[in-house]
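Only one structure is covered here, and it is reproduced in the block below.
To keep things simple, chains are lettered A, B, C, D, E and F as they appear, and every chain counts its residues starting from 1.
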């Protein structure tokens, strides 16, 4: 069950409101790299968690923290929209001769739809959709998804930090960058806790070996007609990351299958007579 | 530039066509765990790759392999749809008394829209959308996204393997399981090639330290009112995965920010008079 | 800032797990009538609230309650999926001769994607998308949106109640029906608190009268060629709900505008020569 | 059955075409507050209407009017796009030095995709999707949805009115503001016609009382840890809006349920061995 | 401006209601092959039509007819849902032993969301989205899009005809098949009216020849490594359909471009140090 | 099976990078008129092709070519993003006084999400979704869909050509315009190869005549109340395009159906008591 405090997790100041930066900040709320995504992802992973309950609890605790991140980011968007022009006259007075440009640079829906406040959308105004909640029932796969989410999140926060010179915004973003650091660390720490990369690979590690055509499990396939196989750890003949095999490469990919031929179309199938 | 051979990468047989299994298989084509996703993800990562070009080439070679996976899976769907009922009469003749059930169990659009062939949709009939292509311009983040994609892919292939007893389908899926193993390995191998987890963390590792509020970078935050902090690698006081800090925990999360108060609504903002 | 307790807001029992009912229950999580929608809607309304802060606090408190509803519904879905068939063999053993039907009746992604747990999707498996979060910056409009959301929510909960005979599920749903009753009441109570329907209408009530062509504000327009104007409060000549006018009707709708003619296409516009 | 006149419902003039305002106007066509939405919503409610047919007829008549609104708004968008730059040269000639800004401020697809005419998209260029058609089969819930739609519609029209100083556009919008006033009134009038708020609440009013856990139907739940319960009509001990109860509040929300624990993962579920 | 008659364009009877067929019929309402699509497509093409106004009028007249098709199809869906089970008990009474199967075969939202009436969704329950409205401002391209839409529409209607043995449904569908025939014919007739295929090709025919690299305009490119060029009209050396060239083939596709190399990542770009 | 060369199909140069034009170019990658669409459309049509296999091979060969078009367009986007501002300071230094305008004119996600490279989105930043893949199992309908796709593609390429004065971009686009010409021709040539328009119409031509209510197959229906029937090939009494009938018109459209009346709502349907 959830509870709330009236105060924000972190203080939000905005010295020089910028409605175009408000549009950019939306990516951290409703973008695929944003906070709605991680909050909901950890929440749904927690609700489907099976096995040691400590991972479930950890997921729910961090889901709860992420809800607080959405909250202060929403406040930051609203503060950046303070003073945005609400009439053609306001726009013209302040901003001539680039009035059209400002009207174009804003997310129009910050004026038209939300009345100068945050929306659950990304920097293009596209609403977040929940297909991005990765919760597979496999804890190792989910941890990789979480490291990914926090990697994109910290990359985004760093890019936003670069795009503003407002001290308040920079301070808030430096907090987000820090928390994303920790969240990357903690999900990797779960992999360690489960025995480390080798013990958890390949994902899922419960697939019986007889379900896998092992002949094809450990070669890099070069499908290029004119480029040499790139050399690296994946071709060096060393052990694979799961400790079950040896890395090799196949320089020449050959088809192993048939020509796919579906024959003629059936009556009543809605095809043309010429196909029957 | 791309080229094509008339033969499939792997042979596809289907001994007992099953139109309901055809619906399930669609998840491996148009699901977020599926092959369109990885093909396009590696393709777009390759097109945005900066730095050592060997990683770009590797991404493009595997993107090309994934296109071949889409291809043979599409053929598998079509083979499973051979013989599906196209008329009420056919349905009734073969399948009575569960004719309605079969009509309900099929993806109706396999009959109505595609004329008994594969579609770029998932097992719920939802078309794949390209928001799921993760290509951030950060190679370490992208590799984590790729391991995630292959983890969900191998989990899916294993579950599909369990849900069929058709020998041809099982053979094809055991090949997919194998290739997903390799793809998990090779993307992890890139992380090794870049110096390993510690050297690549946190992502992005180019964010200047002064952009990060380091005070908040290494504690696990317990946001629960009644649960103890779960104990594990993330709380054991050991070094963090990036080698920059020490794992600790804060058992009691306190708000650090203000109450968010936006004051009164402005004239012309479309609010109610009562808000002004 | 948000906090969490390890216990659910309400107890969830499921005596006879039913994976098809799990699919139905998803509508209450990820449907437009569901709990993610109201949680996020009240949250975003709170974050954009201007004027008397008591409404903001009220919105956030109920947003927080709705998060707890998502939580126990997710648990209910997972409990209904206990024992769902994971292999063709399990399916055949238990459920013959309608094995295909059961495979068709399930949401396939409950097996393939989530590993027998809840997803942020509706009963058709369609992920919730945040375009459904109505938060306009106008408190009266938002209250109407909230009554609507709770009306659809209580309708849905009642229909789900009818579709199960599991005592645990019925008990949980009777709690939801009750809370949806209260939430309908409380949002209507806010309208009362703001002065009642007449004082808050039309929405927004801050639009200056000179922005409105009042000649067209109070007649019902009959656009039918052969049906009489339906008679009722809206045609009875009484005062309108906002107290500003009198209800009348126009039985014959006539065009007041011009024929829309865009003339010829411009050079460089990508049109056909025949249009230029 | 539908019919059409060649003339618009209302006259549309545009004295100074503005392609950026064309982008803004799109919200009134393809936005969730726009005319496609209400046209289709009333249409589908009419098609599912059961009970007294006068409400069905009323819905269809207003659906028909809304189709005419889409029509004249589309013409308004096209008129605002007259003269928009179609080549880099035109852009540079007219608009230097802000040529890039204008290219950025436009919806690019007004040039690239529609050839200077309206599209069924919102101000962010996002196509309208029909998930926003609320038609529940419950007339009281539907009326609330309709008041909501018209409230957002009139709020939008008012905001658009403020953002232009073109006399023709202002005239057209003042007509829309007026019609949205009436439509708010008429749907509220249907509630009156059905017996008023008390008689129609809670929605649906056909849910048997024994399906509702009435103990939980009439208290406001304070889920905050540090904020007092906001005081108002919803806490004043007066009768609830449905006349069935008395408003109270619970200041301290306590969990009533269990810890949600799903135990171990099953074999064949695609989980990790560590979860089994 | 639009008007309405209270009667349907065509009579709808349903002798034996079938809720699973109701789900199938939805494809003709909210599918990409359905009637919302053509109604809106012709409407938006009409609103953007430039050049001879007779084509605009024709488009609007047929748009209006398609609205009437949506209407009677919605009624057909509702009639097929009469008698669908609303409670577990009703389901069990009528349909045992396949009660779960029927619950699975239905679109659950026909019970849960619409209360036994039509929705603007396809046979998978996916809401129609307006990105499918093709209206390019080029009349020849639009006519091709319209023939395509009617081809998919008539194919769908034929497949639905096959999937029912209800006489009323078959009668209604035979009317739809007929009208789709005419609509295919009339859009092709517009091409004739504009001068025929040769005069309208290539689309757009207003692109100046110097904007086209004519060297590459008339050869079929064989990109296969092992298949011969398929022989047909497109390789027979005859004149092309636009009368401007001669069909040829290139059997061996060779890259003409460079290796795409983006060099190193810039500082502040959020990349890894290893890419810089 | 697919293969790749390290070189692009066509050379890409960009003399003066323009990040706003990069946004425009995205329409040719991820727009409905773009290259992902045609690549995937031809691919899925090939996978479902039944009848003479030469059409399947042709589809797959051109699908393969379109993959190469996506590739060089992605490179073009990245080249246009070289030098785009990554910090507020860079933006201010170069672009003052229109710094906000440039930040607004860019697709923010080219900076925030992709790190200056192409994305699978359109010019509004909306990800491509696979619902636009038309592959019906009817070869004639599919060919019409393909001509349509190439018509919109060539129209788009022409409009993009007009919007840039970069010589490299113009050169690349003149190649695309040429290839789109050929692709329009070749799909029309398939219609010829199948016997021409008359032999392939109406689509599908395998629908038995007794499934069609031929009385309604060949008249144009005037649904206007005040406009005369537009005159043209479709009303001239000549033979229809399928050679089966004669074009006529009905000037006065009359309803042929009943009033749609659904009666009262059922118990347990979630309706209001007032509807029962």
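Just so we're on the same page, a contact is a pair of C-beta atoms (placed from the backbone, for glycine too) under 8 Å apart; a residue touches a chain by one contact, two chains touch by 3 or more.
Chain labels with UniProt names: A, B, C, D, E, F = Mn-containing catalase.
Keep in mind that what you see is a predicted model, and the values were worked out from it rather than measured.
Taking only C-alpha atoms, you rotate chain B by 120 degrees to land it on chain C; that is to the nearest 5. Repeating the A-D interface, with the same residue numbers in over half of the contact pairs, is the pair B-C out of C-D, B-C or D-E. Greatest centre-to-centre distance from chain B is found for D, with centres as Cα means. Averaging Cα atoms per chain gives one point for each, and the point farthest from that of chain E is the centre of A. With centres defined as mean CA coordinates, chain B is found 11 Å away from chain A.
Averaged C-alpha coordinates give centres for chain B and chain D that are 32 Å from one another. Centre-to-centre separation of chain D and chain F, using mean CA positions: 29 Å. For chain B, the set of residues touching two or more other chains reads 1-9, 32-33, 47-48, 50, 57, 60-61, 64-65, 68, 71, 75, 78, 86-87, 98, 101, 104-105, 113, 115-117, 121, 124, 126, 129, 131-132, 136-138, 140, 155-156, 158-159, 162, 203-204, 207, 223-225, 227, 253, 255, 257, 260, 262, 265, 267-271.
The touch graph of these protein chains is complete, with an edge between every pair of chains. Residue ranges on chain B touching chain C, taken from their complex, read 18, 20-21, 23-24, 27, 31-33, 98, 101-102, 104-106, 122-124, 126, 155-156, 159-160, 162-165, 223-227, 253, 255, 257, 260-265, 267, 269-276. If you check the complex, the residues on chain D that touch chain C are 3, 5-12, 32-33, 54-55, 57-58, 60-62, 64-65, 68, 71-72, 75, 78, 86-87, 90, 115-117, 126, 129, 131-132, 134, 136-138, 140-141, 144-145, 147-148, 150-152, 154-155, 158, 161, 170-171, 173-175, 177-182, 184-186, 188-190, 192-193, 197, 201-204, 207, 211-225, 227, 229-234, 240-242, 245, 247, 253, 255-260, 262, 265-271. Residues of chain D touching chain E in their complex: 1-9, 30, 36, 40, 43-44, 47-48, 50, 57, 60-61, 63-65, 67-68, 70-71, 74-75, 78, 113-121, 127-131, 133, 135-138. By the touch criterion given at the top, residues 155-156, 158-159, 162, 225, 268-270 of chain E touch chain A in their complex. Here chain D touches chain F in the complex through residues 1-7, 47-53, 86-89, 91, 97-98, 100-101, 103-105, 107-109, 111-113, 115, 121, 124-126, 136-140, 194-195, 200, 203-207, going by the rule given at the top.
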